[in-house]
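Per-chain numbering from 1; labels A, B, C, D, E and F assigned in written order.
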């Protein structure tokens, strides 16, 4: 089956991004596919490449990036939610006149239409939030 | 059509589980995840509500979340079956639709 | 399976205290372009999103409640509001804003988009969906 | 010693107001802010709990938050006095200590 | 006013589902260096922070519950736990981990840091503080 | 009186940072002082300089920066909370080998001791969170 996953809360603050990660891994292990994960609300904060958690803690962003690269998952960050919260890729940073970009490798910024498409095309949608 | 409901918040401070129990249909499943696993505590103020729906709704809880929170099996309602993340995936596949009570 | 899926957007949170209500509405506005069968459910604190007379000048936050009245133009015409949720909060249907849509199959007659349903009817609506997104 | 308690969540989905009402002391104040202002709704399931404490606890609500949420004065408990951000400041200064029910 | 203030750290949230419990503990560990009169209150879902036997291997999150047992070394020795909150959750004091401190004024006798109090006693404790920080 | 303010939730997602801002302004208008505001938990996200909210919305970070500059307020962001969530100043970015920093003007990163000091030295502490 094709599973769509939505992450609606930020890393470390809520467990949502962790549970979603374990769920995605388990789905892939069982032979399902996870073509896309959509990050919305504070979920967009998962995609910052500036996070430096303590050494003895999991690195949530790096876990997602690695899982995506190993399994060809499209990690999509909602552009409207990202702009409010200060997540920018190189293009957006340039367009907004900002000196820095902070979108991590393996993530891309796009619109809410990508979320609706998942609902239309995939067999199941699972949301993780607060 | 059957639905798998997920609840991720403690039922003692938040109304999500209670609302879920009032809206799920016979044949549905309810999976307690994250802080939602506290909803499986026997002898608590929520236990009767869960038990009352156990006749026609299947209850599950994530085992990793229960162990993380130090909830021993003998403190938990027997009607609420432990599953792993793999069981979570099976449940999502088995039910037609998943609804998260965020 | 037909090309059209039933999408339900579930709103259980109050507006302004958190951003979920606003960002839910942003999803619905985009979703309207996809020609799916869209319904919105308002229950628990979600019913507070639809109160009339919202005036946010005093808190310096944008008032997004007028956007609900534009949903009809996007062919989003099914806003289910749970009666028990209103009752518990001391609200009546008349405390909600009027949201209308024009029925092109009925000589463009204006019809109300808000449909007050019982908890048991809400449960039926929830169980009859292909995709349920929660905010 | 007197305490100003602030509550910022709706009492219908969250237990903060109820817990605050069970822990505040005679002479304390309770200020409803943000989504907490819904706690001032008359005719609601929480109204009796608020009214029961009104004899020995002073209740306030932020007026800006009430108006933002479209709550007309005639739907709100008369015992819960409207204040602005300036009144909020005065209350914090007036009571010895402030406790936020987060 | 004396140089020492009474600080109360109020914990009303469960661990792991959100980070508040962990970040509250991080504040308390720093606070211990400031020679103030520190108390911790655990009520509502906060009592879940102290359950024994927490094992987080299955969720890939760090288990911070052993840190509570180190609080005695930081001279944080007053952990008030509300009995009614335990009761409502079907928990007993014996479901909580044992947390001890050594009383240097009493020949270094080991004494329990967790003190089970009634809701009314918790209200008294809360009302007798200079600074209350909530997590 | 000296008022200490704590902001525990992120911008836009929760109203906490807004209410705290209006409270601080009102306190200053009444002749009180607000020597320091401490940002903890997701509150640290208020301090990103990469936020680009819609044109018709308030700019929470810029509001705080302006209020602090006009009234000499010390805006302190907790270092441990900030590192987890990807808020870094120039120094930290360099030390962590990151290409970008995102701490906005008027904010500084420091330790939790700054929070305890507020409780000891100020007349009142008010927390805004979730």
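A few notes on this one:
Keep this in mind: contacts are C-beta pairs under 8 Å (C-beta built on N, C-alpha and C of every residue); 3 or more make two chains touch, one makes a residue touch a chain.
Not measured: the values here are computed from a predicted model.
Relative to the C-alpha centre of chain D, the farthest chain centre belongs to A.
Comparing mean CA positions across the assembly, the chain most remote from chain C is E.
Taking each chain's centre as the average of its CA atoms, chain A and chain D sit 38 Å apart. Note on chain placement: the centre of chain C and the centre of chain D lie 28 Å apart, centres being C-alpha means. Rounded to a whole number, the gap between the C-alpha centres of chain D and chain F is 26 angstrom. Shown for chain C are the residues in touch with two or more other chains, namely 12, 16-20, 44, 59, 61, 130-132, 134.
Shared interface positions of chain A, i.e. residues touching 2 or more other chains, are given as 12-13, 15, 19, 22, 41, 57, 80, 125, 127, 129-130.
Contacts with at least two other chains are made by residues 8-9, 12-13, 15-16, 34-35, 64, 84, 97-98, 100, 102 of chain D. Contact topology of the protein chains: irregular, matching none of line, ring, star or complete. By the definition of touch given earlier, these chain pairs are in contact: A-B, A-C, A-E, A-F, B-C, B-D, B-E, C-D, C-F, D-E, D-F, E-F. Across the interface of their complex, chain C is touched by residues 12-15, 18-19, 22, 56-58, 130 of chain F. Interface of chain B with chain A (complex): residues 6, 8-9, 33-35, 62, 64, 84-86, 88-90, 92-93, 97-98, 100, 102. Of all residues in chain D, those touching chain C in their complex are 8-10, 12-13, 34-35, 38, 41-45, 47, 63-65, 67-72, 75, 84.
The residues of chain C lying in touch with chain A in their complex are 5, 7, 19-20, 23, 26-27, 30-31, 33-34, 36, 130-134. In the complex of the two chains, the chain E residues touching chain A come out as 16-19, 59-62.
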